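Okay, got some structures for you below.
Here come two complexes built around chain A, the first alongside chain B, the second alongside chain C.
And now, the complex of A and B:
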């Protein structure tokens, strides 16, 4: 059916004579974004000089390795189990310590609690700096300070996790409507009271979501950290792959996968209960 | 009668030269029920919010209970603020918390540091909160989550929280603007009764001239930051209403029986 002819003034038509429905001022940022992405892709490609043929010829060996990994070797189960529990403990402790610190720093960093702009900006920039350095680097630094073992892993993870929580928590706090905060301020309540009595309960479900997400990240980070010497399942995985003990490494990787999946489902459930 | 609130040549400028409050001077006594009317942008909200320094003044002084409030900061300001309860148009409750927790928030200004932070309210306060909720007909909703209530019920919780402060002055920023006509009447009646019983002065910003006429002991008409009218509801005639809103009566929807045409 042909379009009814619109004669109303002000309507715009595209080249095919159809009525145009996009905004008057075209937003060009999307176009620039895609153009920028394309340029970056081409430049990176040229710089790295990837040998695609060689890469393709190695694809079958991916299947081969996974096939070997899938042949679980339960011979060293006690060692794997111990390392696994160590990793879980590191993840739990680093998340909990950082959560407490993150609540405190998040409160200071949120613009709407103390309303001291310079303070928020200072705290935020400091933690942005901490976040800019990757976790393995922090763990390596802690290893130098504290020696090998899980405590260095916890300390290193805490640096990054606290920085993460400070940012995410402060954002959740800033999402709380200023009107609600105002309503408590006018009762004469102190700023910290307003924070604990209004902001914290209102942001609660978001805080749980962030914590769950970070716990998951910390757990998988832990698996990597073992490889730099902070103990745990990562060490088992890397040493066994290097020693061609694919069966043992396979079990360890499988455990990591199952646990990560389990945490995710658990926190989805908790979040729906809290709503 | 005792003077409770005094505006002395108050000026508030927002960015540039627009004067939201232009040389406003007035006194409000204990037990008065004052309605503030005026078109949008006339400075009603600025007037109300400047009273407890939610908005800092550009010039002039505001005295509450004989003390200046406009120069106060920190703890001294908090002590002044707890004498003034506010009821908001959008209720502004913490919806995740129970009704009684929201009402008890009114006591936070009276609680010392750690007790307030941890929200450890005294049994006496809890009894008082329940009494106020009973007075407002919310006794069956004490433990309900605030988000589960209807608009009118939420506003009653808002009133309860303000009353819980034991205020000398109650400010209501368009308390019925988000409510349906029947809830609006319930809220205005309850507000009126509670104020009367406790002899609290009350300043209400209203869009509805008929409501203002029905409940107030005094009406203030604002236009462009200036007081155009200040008198009893009987003195507010149609010519004055036209002057306040800058339009003929035929272009105003006044509602109710008095304004209907």
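And now, the complex of A and C:
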């Protein structure tokens, strides 16, 4: 990088004779980025062509809906509770199964463990494709094959979650310094024992962080699943809102909120404990 | 003891044990509730494979006006994500200044701001979409609003965390020389945090591309709605073609944002 031109005292002055506090060789790409984003946003708004005034005029009815949602109707509490338990279980199972699969595929995909370039590239690009297809699509596919119920939800979520874990785990594995791995290889340890004794412990806290983050996402996606027909709390929310039974939907939304809030706090705690 | 050297520290071993036990317990309870068995996947594998090969392959795209419609809906989906992320990012930047205790001019107020963002964030985007659809009607504008709410709340959290992570010395020294609040932000916060902000912004954009497809499915319009209508009418070949388009769109956006991120944090 060339040194910026400076005055004899090493100071730069702006037009008013004050000392300039701006960095001279600023990264200009940031400016282009903001300009580009602004242009794209304006174009997007022009393309969407939404009647904003009409939309704004209806905003008070959002408050009305919230008011209705806040009048909890405990009449169907057993149904809501059951659906909620089901949703939590779907989130848990899909995360656990995917974690196991993700560890396996992450091990293959990481460049520094088996060191077979073509293998890791193939695995990575395959999972990139799986990850690019939205979860509800997978769930819909599973619904067609496995019938309605939580099984389809779990299987559908697993596809996307495994793809996510494969990418993030292999990234964490690749961050591990080669010295650690080489030191074990020199002693004649097999690839698998290098993985279990060097790579896994070193990446452990990161794996926990990824798992926690994904569990949060999976829980909120579970709420989505119900809306496409895989049961659980999402179905309760969508069907009750569409049926104008806001009281029941209100409880369900409240439960989703409380649980999501709770796991967010929990994983913040766990992360600070492990560090 | 077999006379081998212990390779793991006691504390570590206990941590792994607790971790394993918790997972096993949670797994058992969840399996009991959902009655899901992994074997089911293998017994159903034939049906799945048959369905995939016979109904889905080969992918097909319709011609003529339907194709034009598909292209337009892809643009709508991207436009919703761009618009929601940009507006959300701008709003989140100003709000997050008040959400961090040591920058905000009203520190006592910071907790309230963060609490509000937490409330907005912990309700999934699709649930927001349903709440808004029932009050504002169906359409791209409402889908935009649902995406805006979640991306705004997400970015407030991310921005506040970014600001809390950078050193406080800079802001404190600006405070001691008597810099006003806008001056502290422009000369203290912005230079230190802008890269973090941008990379969170790009991440949020990636998330929104996916989310806007999903929100579209339930009535927001865009490619999600098109896909859903083909799936509902059992035109699986066309649906698979659209799934490929969505995957292509997402991968292109991911590559693009990765490139931008590298360019900017250089």
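Convention: the second predicted complex is superposed on the first by the 249 of 275 C-alpha atoms of A that agree within 3 Å, B and C clash if a C-alpha of one lies under 4 Å from a C-alpha of the other, contacts with A are read in each partner's own complex, and residues count from 1 in each chain.
In the analysis below, a contact is a pair of C-beta atoms (placed from the backbone, for glycine too) under 8 Å apart; a residue touches a chain by one contact, two chains touch by 3 or more.
Keep in mind the model is a prediction, meaning the values are calculated, not measured.
Undergrad: Between chain B (first) and chain C (second), which, if any, makes contact with A:272: first, second, both or neither?
TA: The answer is neither, since A:272 touches no partner chain.
Undergrad: Which holds for A:198: it touches chain B only (first), chain C only (second), both, or neither?
TA: first
Undergrad: Between chain B (first) and chain C (second), which does A:154 come into contact with in this model arrangement: first, second, both, or neither?
TA: A:154 sits against chain C, while chain B stays out of touch.
Undergrad: Between chain B (first) and chain C (second), which, if any, makes contact with A:45: first, second, both or neither?
TA: Second partner only.
Undergrad: Does chain B (first) or chain C (second) touch A:190, or do both, or does neither?
TA: A:190 contacts chain B only, not chain C.
Undergrad: Looking at chain A, which partner touches more of its residues: chain C or chain B?
TA: With both complexes superposed on chain A, more residues of chain A are touched by C.
Undergrad: Have a look at where A:179 lands relative to chain B and chain C in the superposition and call it first, second, both or neither.
TA: First partner only, chain B.
Undergrad: Which chain A residues are contacted by chain C in one complex and by chain B in the other?
TA: 197, 201
Undergrad: Please output the residues of chain A touching chain C within their complex, sorted ascending.
TA: 21, 23, 27, 29-30, 33, 37-38, 40-41, 43-45, 47-48, 50-52, 55, 58-59, 61-62, 64-66, 69, 85-86, 88-90, 92-93, 96-97, 128-129, 131-137, 140-142, 144-146, 150-151, 154-155, 197, 201, 220-221, 223-224, 227-228, 234, 237-238, 241-242, 253, 256-257, 260-261, 264, 274
Undergrad: Would you tell me which residues of chain A are touching chain B in their complex?
TA: These residues of chain A touch chain B: 177, 179-180, 182-190, 192-194, 196-198, 201-202, 204-205.
Undergrad: Which positions of chain B touch chain A when the two form their complex?
TA: Residue positions touching the partner: 52, 54, 78-82, 84-86, 88, 90, 92-97, 105-111, 113, 116-119, 158, 161, 165.
Undergrad: Hey, which residues of chain C end up touching chain A in the complex?
TA: Interface residues on chain C, with respect to chain A: 7, 12, 15, 23, 26-27, 29-31, 33-36, 38, 40-41, 44, 47-48, 51-52, 75-76, 78-80, 82-83, 86-87, 118-119, 122-127, 130-132, 134-137, 139-142, 144-145, 187, 191, 194, 198, 210, 213-214, 217-218, 224, 227, 231, 243, 246-248, 250-251, 254, 260, 263-264, 266.
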